[in-house]
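Per-chain numbering from 1; labels A, B, C and D assigned in written order.
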Amino acid sequence: MGAWGYVSLAYGIVCGAILMYWFLLKRRYNAAEAELKRLRSSEAAANHDKS
Amino acid sequence: MGRSTKTVKRRKGILGGLALVAVVAGLCWSLLVAPPDAYQGEVQRIMYLHLPSILTAYLSYFLVFIGSGMYLWKRDNKDDLLAHAAAELGVLFTALTIIEGSIWGKPTWGVWWTWDARLTLTAILLLIYAGYLMLRSSIDDEQRAASAAAILGILGFLDIPLIHMSVYWWRTLHQPPSILRPDKAPWENVHPAMLTALAISFVGFLLLYFYLLSLRYRVGEMRQEIKALRLERGV
Amino acid sequence: MRLTVKQLAKAYGYLWALRHFDLTLSPGEFVALLGPNGAGKTTLLKLLAGLTPPTAGVIELDGRPLTGTATAERGQIGLLAPAEHLYDQLTALENLRFFTALYDKDSSASALEKALLQVGLSARAQDYVGNLSAGMKCRLSIAKWQLLDPGLLLLDEPYGVLDGSGIDLLENFLKEHCARGHIVIMASHHVARALKLCDRALILHQGRLQFDQRKQTPWPAFEHAFGDFLPRTGP
Amino acid sequence: MTLLRQAYLLLRKDLLLEWRRRDSLLTMFFFGTLLLFVFHFAFDMPPDKVVELAPALLWLAFLFTGTLGLAQLFQAERDNHCLDALLLSPLDRGALFLAKTAFNLILMLLVESVVIPLFWILFNLSSWNLLPQLFLVTLLGTLGFCVLGTITAAITLRARARELLLPLVLFPLMIPVILATIRCMEMVLRTGSFGDAIAWLRLLIGFDVIFLTIGVLIFDWVIES
């Protein structure tokens, strides 16, 4: 493996790992956001029923 | 509520965009613009990843320490969220540092791994903060997990100088830090384009770091809100 | 000793074990804490004893907040859990000596022997607590708290293991304790016994304080609440 | 003053309980001895080679036996919820930390004072005159181990799989102690005096002082978790 081989391996792994982490984080973020929205809207509905 | 979440989101978007631009610029500079090193050749380009990632890792550990201390003092969950988020990113960036170091080591030293002081120190840090995450996840009561983790966050950070000292005394074969050599000003040692590349790379890593940190922090915050809402309604 | 509790709350996971709990007790009050299983009685006692951190709310003793670090305040709170909080491998006498010394109370042999005599354990003073029956352990706990003399005594279901004379012993101790201006809070399913002793009854149901009144005779409000929240087949 | 009085009270209680049950001390002692036998078979070698490896082997044995002791450290308090009884009392939690550290230290020193001579006997070493210096190093190292060990044992107390988690959390933090003791012992065994290793000894003392102080200060929060 030449010098550029090592360089591209290092850059590739770093970019891949960070992208992967970002992707997983984004998924967690979206899941939490959706859950929150669902809970909020059902709460609003419940409050609406009461009034 | 809706407006503020929107502004927060927009701010995150801007931060993410800036991070992307800086990272791409950093990649261009470090791979294309900067000249190859006189001794090490092209391989030295790994430094533009290596230095920023270890420094962001240390920044993480500092944030874990601050968050832990503040949490124990003020008992504000937000500090705990910060410590948790920073620890996760710290583990990520430390792992990346070790991988980069290892890849850099193969062509320069001829081996993937050597028990050189800096590599060993980084590996120990990885173990400490991986232990931090495991400790957190294995205590069910959230307040107790937060306190226990905060203690470890403080102990771990205060231990770093001692570990650093002992590991360095044990053995060292790493090249001396070339950027911060005290007898010469940095710009006399290194080609200016290299410094520019390093600086841009640095800014890119930092922006990326804070973008990821804010995302991770927000995830924790939202989970707490979800929990509070569920509690509210006894679900 | 005056106890003030404001908006105390504790959540376990997604459930409130206790919520919106307010209470003010004046010196010498004897409170019966009633409610079905899972109503939050034990949680409340643990919170008052400072063994569990509250999710929200404040507990004040004589106007001073009870926190994890308030050493002197903690010494004023006792929790009598029938057969617990004693070292199995220490003798009855050694247990008393250890705890009185820890609380900086009179740990002279004569005081300890007198306390053991009062609860009818003189003959077993040199036996390991691990070899005592549950009822005897409970008697020993009574002797222990008699010696430690806390300003706020909490009891969690003390009747279960005691025999007839043991119950008399406990009740006399509690009456005397209140007469000296100390507060007693007793959680129990033995509604009739608890009602006979108390000045005031609280009923917890699903983590909420549903009923809080001073004792009257007759007491139709209690009868009504009792029917709503407690099983009809009480003892 | 109350701090020391309470710590003494707790330590006396722990020692009395240990005297009556003897489970921690005996297990630790047998485990330590067992490890020596394992080492003998694993590294079958002449005495001059053993001297080079002795510091590392001894510390390996101490680490493992120490971890065994730490896992049992709060056992007396777990029965009958006695930890709650202590937390309920007007006890300065720093005293609890000091008492538990001292207790574990005493157990480990007892084990070590048997295991080190046994090592010399089993591996036919002749440098008996160096044992006092080695004991000094061992004392300082074991103190460091017990100080951090007590804190980590307390924070893992309510964790799932705490016996597994404890060494995982503790060992990386112990690196300075492990390296310092091994280097000091090597120096003593090679030259008969501390020589250059005095810097390591200072590091060891610094470690002990720093974490002992921190432990007393933060144990309030430690035990709450």
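The rule is short, and it goes like this: a contact is a pair of C-beta atoms (placed from the backbone, for glycine too) under 8 Å apart; a residue touches a chain by one contact, two chains touch by 3 or more.
This one's a predicted model, so the numbers in the text were calculated from it and none came from an experiment.
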Chain pair showing more contacts of the two, B-C and C-D: C-D
Most central chain, Cα average position: D
Whole-Å gap between the CA centroids of chain B and chain C: 50
Centre-of-Cα separation between chain D and chain C, whole angstrom: 40
Centroid distance [mean C-alpha coordinates] between chain B and chain A, Å: 19
CA centroid of chain B to CA centroid of chain D, Å: 33
Where chain B touches two or more other chains, by residue: 141, 143, 230
Sites on chain A at which at least two other chains make contact: none
Chain C: positions in contact with at least two other chains: 53
All pairs of touching chains, each written as two labels joined by a dash: A-B, B-C, B-D, C-D
Contacting residues of chain D [partner chain B, same complex]: 148, 151-152, 155-156, 158-162, 165, 168-169, 171-173, 175-176, 179-180, 183, 199-200, 203, 206-207, 210-211, 214, 218, 221-222, 224-225
Partner chain A, residues of chain B touching it in the complex: 27, 31, 41-43, 45-46, 49, 53, 92, 95-96, 99-100, 103-104, 106-107, 208, 212, 215-216, 218-219, 222-223, 225-226, 229-230, 232-233
Chain A residues within the chain B interface of the complex: 3-4, 6-7, 9-11, 13-14, 17-18, 21-22, 25-26, 28-29, 32-33, 35-36, 39-40, 43, 46
Sites on chain B touched by chain C in the complex: 141, 143, 227, 230-231, 234-235
In the complex, chain D residues that touch chain C: 2, 6, 9, 13, 16-17, 20-21, 76, 79-82, 84-92, 220-221, 224
